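Structures are listed in the sections that come next.
Note that subunit A is present in both complexes that follow, paired respectively with subunit B and with subunit C.
Up next, the complex of A and B:
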């Protein structure tokens, strides 16, 4: 192995590693969207007022959360095709979206739930008194109050998920880690390409973290801030 | 005499093991103003919450304008009302809450006009005009674009009243609407209620601790104690010379 840092290797590896960035970002977005949508499914399932169903759903969520995502990825990619009747072979990208998406959807579902439960009981009662339909209550009154406070938490999960996406390289998704690894194997030089991977992750996740913490502060002041804008507006 | 607009028959309500109401019979006439007084925990609030369909009676029936509130007929069988039935019957009822329960993400104007538009399918322009009119009537015409967090408690409660009134209910329920207010803000809210009452059209049920106000505004006063209506009559009868000892000692505490 080349023991010294080489800028030549660095610049040679850089474009090759970068070829994988589209896949890495694309997979993050696909997994995240899947988790956001599937999270709603968990939230709805948990609200079914039926004890056995509730118990099963809670248990399944707990099971998914207590199992390592890597094991889930391997199961979907290697074991799922061998399951009788319902089993089928999936390509690496789809397997990764399903595996990581389902895993994180259980956390996202809890975030939604906490947001919904934080809306005061009086809001439900006032919307009943005004005779809104169940659908209107959710869309006009409850969700507009429940979702905004959870946005910072949802953002955190985006970053956490982004950092879990390299797991997909183990089943052959050709992201930046996979590109760096194969460069390393080919030229017996791991230091530079893996450094590039680390830097890329830093470049992408650090600004996102700052953005989210700003968003969080903004959300905390949300209704007050509207107040300030409006009182100024009223003066003019 | 006209038919009652609301009729409670032998209504019971328990929360778990605790029996809060033990047989309420009550007729409310159209345009009648009824004040409900009594010690805390006597079930005053529960009486109107059941009418607003926020609590289901354990036993007995409540009939609103000839329609059974909590039960419906389906295939010739009487069964528990579903949401669709409840929506049909509760449309004539409005309620103002102790803790206002304004929608914090909507402006004052939006708080008022959302339900007429989406529940009663009124045109946006008309709902907006009527909401503005109503907010002007409660003295908040200059706060239309403000959010609830910018208002005082008294102002919030006046918005809550405008929001309920815009729906043109035949029955208005007031649940201890001044209890959460600072003392100096109570009067502005009572003034608005007096104004509504003097218009005379709606039936009103007021659960209240404001004895003078109840005496002043009500056609009839109910004293609730131990889960039953222990005494009722005109304000003069109830506040004047009732022989009910529990009522006397209850009133005494307010007249120190």
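Up next, the complex of A and C:
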């Protein structure tokens, strides 16, 4: 290691950076829950049997998905308060939950959709033949088969979102990256705090990734590989 | 309010940023794919050290987030080794291509491994060398399996280029931020236009992704 690395700085920066870990994890969970719930909205909207509405929803989803989350964050944080009538000022944390939550809800919505589409047609026909109501069909037959196979995919998105959350430091959410940057700016020592951030991300996301891939294998065995979810725009 | 005159004021300013965004995107795509193939093949090599070392690279870059890597390459690397990457351009391109190269190397590896074993055996039976086997038999079949995911990563990389504005590169978002800070009431129009700019850049990539998807399905029996 080069002489520029200083363990003193490392141990001095460590507690300061760690102060942000609660916010980072909290924001991840808040964004994730928001995306899980909002994902259902997209799934429902896409199932409306009306061509123009379907077309609009598909393109709105495509628009959200293929534009940078960073710009979406800036839009919600800086531009939303300026929008007439419906605009209001939001604090950084809420803006981040909305921005990242909406961005990833479009991916989560696709995961739900692929899960539902993977349920065999015969299941629909059988439940119709058994005189189930639409509500019963969804709650008793379709969803119990559609959701469990998507759990590993949903878990993957939790890890992906965890890695996108530091974007929120740009609008002033004081997570670990923000703490590291402000430490760096104060003492002009970026190397150690940024390395700490990288290590923290690694030790949090790597075990969860292993856990998810184990879960995936288990699920694949259980569901006989039938429902290998093939969602568009998936990031593994 | 969004007015035509506001748009005609903002549009030419944002246009100045397109060059940087597109240059960073193209450089990242080239370096990223190159990295993906190098790392993907290294992970399949017979050399244990090479395999472990590449595995470490892939896990480190997949396990940390892109923005942290970008800041690390930009702020920390010059301090650690006492050399500069020369410009913020290379810091940005390197961060994006190393990050997505790590993700895509897994696709390369997975696709090559999922080519049926019988293909390797048949090629061996035909007395092909291991290089011929890979070049003529395995690789052409693996590439078409990689295409759909590779297409998705094109769009991911476009989205990632917006991060280079954070290290001071003058891309679309950078000009957007300048416009916003000079006149906050314009912010909705500015950011909406920035989003539209990115979406217009994404459209050909979306189209390409769909083409790649349908190409990779063509002539393959569905399971």
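The rule is simple: the second predicted complex is superposed on the first by the 219 of 236 C-alpha atoms of A that agree within 3 Å, B and C clash if a C-alpha of one lies under 4 Å from a C-alpha of the other, contacts with A are read in each partner's own complex, and residues count from 1 in each chain.
Everything that follows uses one rule, which is that a residue touches a chain if its C-beta (ideal position, glycine included) is under 8 Å from a C-beta of that chain, and two chains touch if they have at least 3 such contacts.
What you are looking at is a predicted structure, and each value in this text was computed from that prediction instead of being measured.
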Output check: A:11 vs subunit B and subunit C. Expected answer is one of first, second, both, neither. What do you get?
neither
Between subunit B (first) and subunit C (second), which does A:145 come into contact with in this model arrangement: first, second, both, or neither?
first
See if subunit A has more residues touched by subunit B or by subunit C, and give me that chain.
C
In the superposed arrangement, which partner chain does A:70 touch: subunit B (first), subunit C (second), both, or neither?
second
Considering only touches as defined above, state whether A:191 meets subunit B (first), subunit C (second), both or neither.
second
In the overlaid three-chain picture, which partner chain does A:126 touch, first (subunit B) or second (subunit C), both, or neither?
first
Determine where on subunit A the residues touched by subunit B overlap those touched by subunit C, and list them.
233-234
Complex contacts: residues of subunit A adjacent to subunit B:
120, 122-123, 125-126, 128-134, 136, 140-141, 144-145, 223-224, 226-227, 230-231, 233-234
The subunit B residues in contact with subunit A across the complex are 52-54, 83, 87, 90-91, 93-95, 97, 99-105, 107, 114-115, 118-119, 142, 145-147, 149-150, 163-164, 167
Complex contact set, residues of subunit A against subunit C:
2, 4-5, 62-63, 65-72, 74-75, 78-80, 82-84, 87, 162-167, 169-170, 177, 181, 184, 189-191, 194-195, 197-198, 201-202, 205-206, 209, 232-236
Touching residues of subunit C toward subunit A in the complex: what are they?
1, 59-60, 62-69, 71-72, 75-76, 79-82, 103, 106-107, 149, 152, 155-156, 158-163, 166, 173, 176-177, 180, 184-188, 190-192, 194-195, 198-199, 202, 205-206
